[in-house]
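Shared between the two complexes below is chain A, which pairs with chain B and chain C, respectively.
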Partner chain A sequence: MEEGNGLSTATLANTGIIQVTKKCKSCDHCTSICPTGAIHGKLGQKHHIDPKLCINCGQCLINCPFGAITDTSMVKEVKKALADPSKYVVVQEAPAVRVALGEEFGMDPGTNVKGKMYASLRKLGFDKVYDTEFAADLTIMEEGTELIHRVFKAVGAPGYESSGPLPQFTSCCPAWIKYAEDHYPAILPNLSSAKSPQQMFGAVAKTYVAEKLGVKPADMVSVSVMPCTAKKYECNRPEMIASGYQDVDYVITTRELADMIKEKGIDFNSLPNEEADRLVGASTGAATIFGVTGGVMEAALRTAYELLSGQSLGKVEFKSVRGQKPIREATVEIPIKDLGTTLPVKVCVVTGTKYVGRVIEDVLAGRSSYHFIEVMNCPGGCINGGGQPIRRDMY
Partner chain B sequence: MSIFREKGTFTRRQFFKGSGMLAATIVISGVFAKFGYDAWAASDAYIEKRISGLYTLDEKMAIRKSHQNPEILQIYKDFLSPGEVKPVSEKAHHLLHTKYGQDIPELIKELHAHQHDAA
Partner chain C sequence: MSEVRGKVLKHGEQTRTMHWVHLVAFIILALTGIGFYFNIGFINNMFGGGANASMVHRWAGVVFVVGPALYILLNFERFARFVDTITTITKDDIGWLKTMGGYIPFLKGEVPPQDKYNAGQKMLGLIIIIGCLLLILTGFPMWLWRAVVPPAFLAFCYSVHFWVAAILILAVCGHFFLAAIHPKSRVEFASMMIDGYIDAEISAHHNEKWFNTLEEVKE
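Coming up: the complex of A and B.
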């Protein structure tokens, strides 16, 4: 890697992404929230996070009543890249950012500020403003096709012998991936091999986009705005170098973007609504709902149904996978053109890593009849991620 | 403590005092319960609002299925699987797929070898 970004993998292993600061009042609230028991410290002692156990989800950070937990920042590096005329800086933003960024500027939660978000990023000096939603659509193409191959293998269709086992688990959530690697290595063959949208975007940016724009990939800096602290860990994983460079250089959170906008003196509320740049900036409704629990599943079902049946879906909503219950399940009848039969596809949606253990145990023991399981670490999905605006108005 | 002494019924004064204290306790605990419930409800309300924000946005989008995104079709035809739309092509596999856990060191070796081939 020629382009080191100051956050070496060794440093990350020592400090982790999430740290408890001196402001800790030792109230023990965080230990009840942490899904992996990574936070140590007795009542009355300053708490400490074990980076080996921590899955970087940041739920402790957004729920700490004293604001005493913080995350590793790459804002300085992003500003340096923006100020360097020799660098070509591209940016992507996750779906969940656009319905929460407005909260930092006095708007109601859920207000869609997509257009203003693009405008503000241009004002900050990014050379191209693309969208993670493009990569979410790409994820559906790859992950959906992979699922179809696994199903064909399971029903004994010839030509799919090298496909993986069922059920297939989603692989978009970096906190869930680390949890699976740390606690259930036996389940890893069931994880979709498709990268997360953020990393797909990074790999495509420094190859396809660089080629089309005539920019040297070595001069390109790829930044992403995420509702998530675990994405900071993900972009620094040593294997995320498919483009020949670090695929995504820096990750900033929704909160950090809001801080940059305020610091630059941009009047966010009066910005015009702009569009993302073309080439890898177009998105669909399926990509938009990636930010909510059940959304990846619903997006995959919309595409899988149409590709497998060869029929157009009249009603695109799959309301059965929506909701906020930690574990939800549904069965969707999909007519399969190639096999001439109708297959009841059984799906499961898990939100909250605390609850995924028993689903995995069932799969490992052969008791599970699911085909596809979506897992998101944060309750409610990415919209409630560790990088989102903190709502302490409740305390 | 006169109330512990065995002695007929409550006096009129004791009855007023007791019922007054009981009423005050009910009102005060009710207020605190309401306060607590509101705090709990408010802590969840923003999650629900952000969720419906995304579903509303989905409904407003002109295209609502990933495989109909024109730029997705373009990247397959121009780059990932030249001339056709074929997910999990060799190039897509190299750029868009990964490995987990103990398979990672081998994947890193493969990626470095790929760079040498390309160079």
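Coming up: the complex of A and C.
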């Protein structure tokens, strides 16, 4: 791609987002972490990553005992944009960032520092501080509606003939998307056509938001703070240009944001709690749970339930799709008002791309009974993404 | 006391064999370890590259464990006596350490009589036993459980393994210098590396307490 962050698709295809540095001690731990076998090298031999196989998830990076694996940084470009008065720089942050950023400043894991995060971003010079949660709501409405259409097509309801096949796979995780493209292209029609929240926000920012603010999309720089290294690859995908410009120009990780805050000398812990800018700042609880495995599924099910049954779910939670087991399944009885019947919707949640192969093969062979399958590459979901603070627990 | 042309038997055949096996394994381990840890091309290439150097390192590690383990099983009493000797620190040992056995020119003073192993050798023996245990306890997880242990634990194992190996390499270099090069004590070399015997006169001087027990047995 010519515009945007200067990291062309061809360059990224050649170098990838994740690289092994000279600090590699040849311990071979990373090969057991990599879900796609993209890391080559034996014990005692310097390792390297095949960018064609790598899905950019960064799990090897956060699990390298020696910190010898790194990701392509866009921090320099972000700083340049912030320093350029002709640029209008907007930023979004994924739900998983706010509960991890505090770790970099000595807080307990899981501490929600949302308010301080917004304040720190304003101190760094971002013109508008938005939140990805709004776009996560958009994603879930899209995915939920798409699921309903696919279900209606499957039961033969008229008017839904052009909808995609069942089961529907989620499409929020860019590492999972690349894995599907690289290894199981036949499954792509089953993937939700919805963009990820990051990319939806980018598209909204440079179209709707730019128009409302009176800013030319060409002058707007869209930055996202993500718990994920694969998002850096995703933002460079050539199809992500809703406004004619790259939807999301730069992605920085939770770690990189913490580094920027420290470098600027901002006393993070003393910052007041601020709110996100409200133009697209409103969000629901459905978006917040995106960052954890089963969260997208739960949010989609709640949406689908409400749309299909016409009833509000109240405080009911689909807790059976949460948890840490790599593959979890549940059946949800959803009354469908339009069809006058109740449909058992069978769902599956996969956390860890290395476990998804068997599920896909069942779908391709016609053996799968699922209607909706959530796949997140990182164990536990985005909360354990490759861009999160690196833990050094001995257990 | 066994006397062959004025010599005494200091190290039995199995002890000498174990020492040889351990020494050769140690040299291979040190060389290959340095080679692939620091990615030194010419060392790695001697073994066919880093991966092969690592493979040689791991199997030399097995020899490094199995050699002494077999020796201990077959010579448990002898090993127990050795451990007893090196862990028994007497006033004479402190005296030896204060004068460093007379090896350091500016440390003057009478060197007290020593056991079969002098205080320096006792320290070396302890360093080697503790060091080997640490190398084994960290080395095998680095090899066999590298895929399942937490990264922080793996990094901890590498750090311990590296620093213990560095200390042992330096200690063994010092041991080699004193036992094979230093004119005052190089006669020890043949005793451990060749036939096990040492001149009775030298032994009576360097290991007086042990030598006297041998004479007492004869008398």
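Going forward, the second predicted complex is superposed on the first by the 388 of 395 C-alpha atoms of A that agree within 3 Å, B and C clash if a C-alpha of one lies under 4 Å from a C-alpha of the other, contacts with A are read in each partner's own complex, and residues count from 1 in each chain.
By definition in this document, a contact is a pair of C-beta atoms (placed from the backbone, for glycine too) under 8 Å apart; a residue touches a chain by one contact, two chains touch by 3 or more.
Since the model is a prediction, treat every value here as computed from it, not as a measurement.
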Return first, second, both or neither, reflecting whether A:A136 touches chain B, chain C, both chains, or no partner chain. first
A:A96 contacts which: chain B (first), chain C (second), both, neither? first
Which superposed partner A:F66 touches (first chain B, second chain C, both, neither): second
Considering only the touch criterion stated at the top, classify A:G16 as touching first (chain B), second (chain C), both, or neither. neither
I'd like to know which partner A:S26 touches here: chain B for first, chain C for second, both or neither. second
Chain A: partner with more touched residues, chain B or chain C: B
Scan A:G58 for contacts with chain B and chain C and give back first, second, both or neither. neither
After lining up the shared chain so the two structures overlap, which partner does A:K46 touch, if you call chain B first and chain C second: first, second, both or neither? second
Quick one: is A:P379 in contact with chain B, with chain C, with both, or with neither? Answer first, second, both or neither. first
From the superposed pair, tell me which chain A residues show up as contacts to chain B and also as contacts to chain C. 391, 393-395
Interface residues, chain A side, partner chain C - complex: 25-29, 31-32, 41-46, 63-66, 391-395
Give every residue of chain C touching chain A within the complex, in rising order. 36-37, 39, 49-55, 57-58, 142-143, 146-148, 150-156, 158
Please give the residue numbers of chain B that touch chain A in the complex, ascending. 39-40, 42-43, 45-61, 63-72, 75-76, 78-80, 87-88, 92, 94-104, 107-108, 111, 115, 118
In the complex, the residues of chain A that touch chain B are 95-96, 98-100, 103, 108-112, 114, 134, 136-138, 140-142, 144-146, 149, 171, 177, 180-181, 185, 188, 191, 193-195, 199-200, 203-204, 207-208, 211, 237-244, 278-289, 291-292, 295, 299, 302-303, 306-307, 313, 316, 322, 324, 379-381, 383-384, 388, 391, 393-395
